[in-house]
Amino acid sequence: MDLSVNIGGIQLKNPVMTASGTFGYGEEYAPYVGLDKLGAIVVKGISLKPRPGNPPPRIVETTGGMLNSIGLENIGVDRFIGEKLPYLIDSGATIIVNIFGSSIEEYGDVANKLDDTHGISGLEINISCPNVKEGGIIFGSDPHMAFEVVNFVRQSTKLPLIIKLSPNVTDIAEIARSVQDAGADALSLINTIKGMAIDIETKTPKLANITGGLSGPAIKPIALRMVWEVARVTKIPVIGIGGIMNAYDALEFIIAGASAIQVGTANFVNPKATVDILSGIEKYLSDHRIGDIKSLIGTLSRE
Amino acid sequence: MHQMLSKILFNIEVSPTYYKMGIDCPEIASRAAPGQFIMVRVSNQLDPLLRRPFVIHRIQRANTGSYSQVEILYKIVGKGTEIMSEMKEYDDIDLLGPVGNGYKIDNNIRTAVLVGGGIGAAPLLSLAERIISQCSKLKSLILLLGGKGRADVLCVEEFERLGVEVRVATEDGSLEHRGLVVDLLLDYLESGDYSPGSSTHCFACGPDTMLKEVSKIIAEKGISCQISLESRMACAVGACLGCVVRTKAGGDVYKKVCKDGPVFDSNEIFWDESTTIG
Amino acid sequence: MDLSVNIGGIQLKNPVMTASGTFGYGEEYAPYVGLDKLGAIVVKGISLKPRPGNPPPRIVETTGGMLNSIGLENIGVDRFIGEKLPYLIDSGATIIVNIFGSSIEEYGDVANKLDDTHGISGLEINISCPNVKEGGIIFGSDPHMAFEVVNFVRQSTKLPLIIKLSPNVTDIAEIARSVQDAGADALSLINTIKGMAIDIETKTPKLANITGGLSGPAIKPIALRMVWEVARVTKIPVIGIGGIMNAYDALEFIIAGASAIQVGTANFVNPKATVDILSGIEKYLSDHRIGDIKSLIGTLSRE
Amino acid sequence: MHQMLSKILFNIEVSPTYYKMGIDCPEIASRAAPGQFIMVRVSNQLDPLLRRPFVIHRIQRANTGSYSQVEILYKIVGKGTEIMSEMKEYDDIDLLGPVGNGYKIDNNIRTAVLVGGGIGAAPLLSLAERIISQCSKLKSLILLLGGKGRADVLCVEEFERLGVEVRVATEDGSLEHRGLVVDLLLDYLESGDYSPGSSTHCFACGPDTMLKEVSKIIAEKGISCQISLESRMACAVGACLGCVVRTKAGGDVYKKVCKDGPVFDSNEIFWDESTTIG
């Protein structure tokens, strides 16, 4: 059975990846999962300088999901390279580094630093961050700004570029086409959906940051729809993300057009979620006598 | 750290809305230290979605190794704990653990003051057992226990059976001292019934407001104090960065309750209105 | 205790309304709920001519929610007035009619017909429909088109106008301001979020229409965030909709800035949901010694 | 129509993956007719969210009125039915019902042919009981029952106890005729063992493919046939328009399975590949 897929130049042994920010730097889940068994490990979003993140409370459970306002806390690209990358390389994992910045230049700088670093298979560019220079408008919510940032990062690195799209937009396919034109090698979607929860006793938001990003099975139908919308109009591989809890969910995304999938919130519920999903996919393929997972991608009929 | 499906041995109401659950789980029992916790998946469905954290109340190890259990003590506060209260003997329960850093117990402790508020009594029982077995120089082991009413004062007999001296405060005066557990702590420190300096240690678990007070009082006396914090958690393995607490190293230097804690030195924590779960 | 609220000229005895399309024409739920006990009954969306709706399957359950692709099946405005309205008027209910069209003119025509009809307290305008003339772009996803349709309807009727906003947009506050400027008396949000589900055995969409609208508690955090975003920047009353299952949920929306709320999917789970929510709100108010619900609206602190 | 919390009287596995549940529910039992259904809320949590529909399998009315129950027969096919299978005697269950239009039973029926596929046997038991008690001219009551294997052939003894003649087909041949239940129907119609015309009625319940075949075969013989349809449902009261089925009045004239059905005259339905739940 051939489970391998190629994501814009990154060869994955199978389509099951971890979603950025839900799997730490890999080592946290090593007691549960053989890191080298997965398609790839996507690490927590990294910026040029360390960032403290938002004040707590940072998470709150919702029906079938959770809100987080971690605020992209991370140790910065230098400490990542020095402290976290060696362990990951040793583990034998395929490593994808998720990066972000608050200006176009910062995106470029992080990408450039990682370009020279051994052991990294690709970058995932999180464009769901506010552009501080342009007054806080989210890069990923405007096709032109999205083009600009991807175009700039494209020139800063030779590594394969996966652009991670924000779902908080009217037309995600438009943004997708725009970053494809800017030189993206692949797309991943969706990031979290902006949401909120209120404590009715204190009359305060349940998150100190007021709003946060919704993830988990609650958002799966929305994510699946967006993956389908994007995969039909783009030529580069799409990675499906959003509420994938089990192999059935993963297969829905693959049939909708995703060449690979990422598992996020499910890791918290079941630390072995990724490997369980992988073996569930294998079982489906063998039950359905499908020899190569690539032949399942985008096979949705009645379109 | 392990994830497993274990059998429930018992699940009984010990006081209105408070339950004690015993779980047959040698993997955790054999490794767990007082102050560590477990993550419980309360349902096979996706609502509630996240696991719930519960500190280890008691560890029972069998000599033969053929049987050993952990106990948790919990209060019904929402849907997750509500579902747990309906679980029955022989039911399976999905656990992750043991998680986090437990109490650091200095072998030279002479006086140990345990301060518990409400469900905060939970970790103190296994802690008391461990102190007794580990600290050969122990002279005095005292527990100050507080609650809203008598129903919130838990496990007094269990502690007394260990030889712990228990003093109780209730806000409604339904049991012993009417007032807060911090009153008991102030009285105790006033009385000078303890050897000052490094041989006295304080261990506290309870609501944030109590911990904040206790930390302040204890700091003034120069006694070391370990506190057990709560926080909303998702992963419990240090991966999601969701459970952080502010530290004194700066308003925006955070520690993870799940991985750096849940037990912290009280001096580390920066208290403000939004510390952990507030 | 004063539970009454005024929604852009419509006086409601309490803030609990039914959401369009989830409560039929009222009579379906009369065995469970005293229709005159609720703030208002919002009926299933009505168009100029009867519409058959989409082929089945039309619904599918998702985690904490459901997708529907009813396709706005309805009996048309004339049969509504002749066959359904009399019962509703007899019941003593406060009646709000949800309307839609596939062109600006059609919106105006329906509004105009209802303008002359006795017993209707207001109209709710569903702008989440594709504008057939303009090539299918959704009225509610473009501020200018939203302005146009509301402006036109405003001239077609003297009835109070509630504009129902679509969540499938980058910036819902922008649309809200736009329809406020066009003469809306109130806003209601959110309509369903576009989603999808796939049957991995047949490799077909689970809905015959491929995509559908997601509703239910899964979307509540998103709805609440949007209500908060809109209420802070508009002057007209806002009605909160989306995943409200109980009084706590309803109170979150009111604290976030909603003057009233609508209950949708919850009716399916608990046919008495509306009255249960109403009595839960009353209990909260009395427990917190709040004499007038209006003093709770928009009281979120730490903004 | 009522919504209520009722007590489960029993919940037993009658065949692998098939369960029978008895519920103490006079409100429904006193009103229900064969072919009507109930909506079950399978969990207090929000996953699964929607109620599940189950046709009434049997209605037991007590003369005294002090006790009367409804029974449902169900197959585990997903998470909702899985949860139901774990429910216990004395547990509460949240019901809505009775819902929909049941079978119309003509008092002058002489011959009734019941056709059931798999779990489609469920409504036919109460239907058979009602036919027997209501149709004084009844000469012949025959049940054709099909299933994949012998485990899917349900309630044969219950039917026989009523005096119904039962013929069985299994796809794997593990019981009686190897083949489909429509084979049995063709045989039966061939044999001419029935009085043609309006005194013979057919009633069918089972998978769509079976119902479609049965409808076709029966229509050719000019016998009236009522079929019981399934559809994905949300409200079950006719409000959401989610459960519709195409009718012959035109490809886009829909009827609501919950309110106009679930029992339909087989001539009404327009069969295509996406009829109801497909």
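All chains are identified by letter, namely A, B, C and D, in their written order; residue positions are counted from 1 within each chain.
We adopt the following convention: a contact is a pair of C-beta atoms (placed from the backbone, for glycine too) under 8 Å apart; a residue touches a chain by one contact, two chains touch by 3 or more.
Everything numeric here is computed off the predicted structure, so don't read it as measured data.
Trainee: Kindly list the shared contact partners of chain A and chain C, in label order.
Mentor: B, D
Trainee: Counting C-beta pairs in contact, does C-D beat A-D or the other way around?
Mentor: C-D
Trainee: With chain centres taken as the means of their Cα atoms, state the distance from chain A to chain B in Å.
Mentor: 36
Trainee: How big is the gap, in whole Å, between where the Cα atoms of chain A centre and where those of chain D centre?
Mentor: Result: the chain centres lie 47 Å from each other.
Trainee: Taking each chain's centre as the mean of its CA atoms, how far is chain B from chain D in angstrom?
Mentor: 55
Trainee: Which positions in chain D are in touch with at least two other chains?
Mentor: Counting only residues that touch two or more other chains, chain D contributes 46-48.
Trainee: Give me the residue numbers in chain A that touch at least two other chains, ranges are fine.
Mentor: Correct list: 63-65, 202, 216-217, 245.
Trainee: Line, ring, star, complete or other: which one describes how these chains touch?
Mentor: Topology of touching chains reads as complete, every chain touching all others.
Trainee: What part of chain D is in contact with chain C in the complex they form?
Mentor: 1-3, 41, 46-51, 96, 231-246, 252-254, 259, 274-278
Trainee: Across the complex, what residues on chain D touch chain A?
Mentor: Touching chain A: residues 46-47 of chain D.
Trainee: Within the complex, which stretch of chain B touches chain D?
Mentor: That would be residues 43, 45-48, 79, 83 of chain B.
Trainee: Contact residues on chain C for chain D in the complex?
Mentor: For this pair, the touching residues of chain C are 21-24, 28-29, 31-32, 44, 52-53, 55-61, 63-66, 68, 70, 73, 202, 208, 216-217, 245, 265, 267-272.
Trainee: Sort out for me which residues of chain C touch chain B in the complex.
Mentor: 63-64, 217
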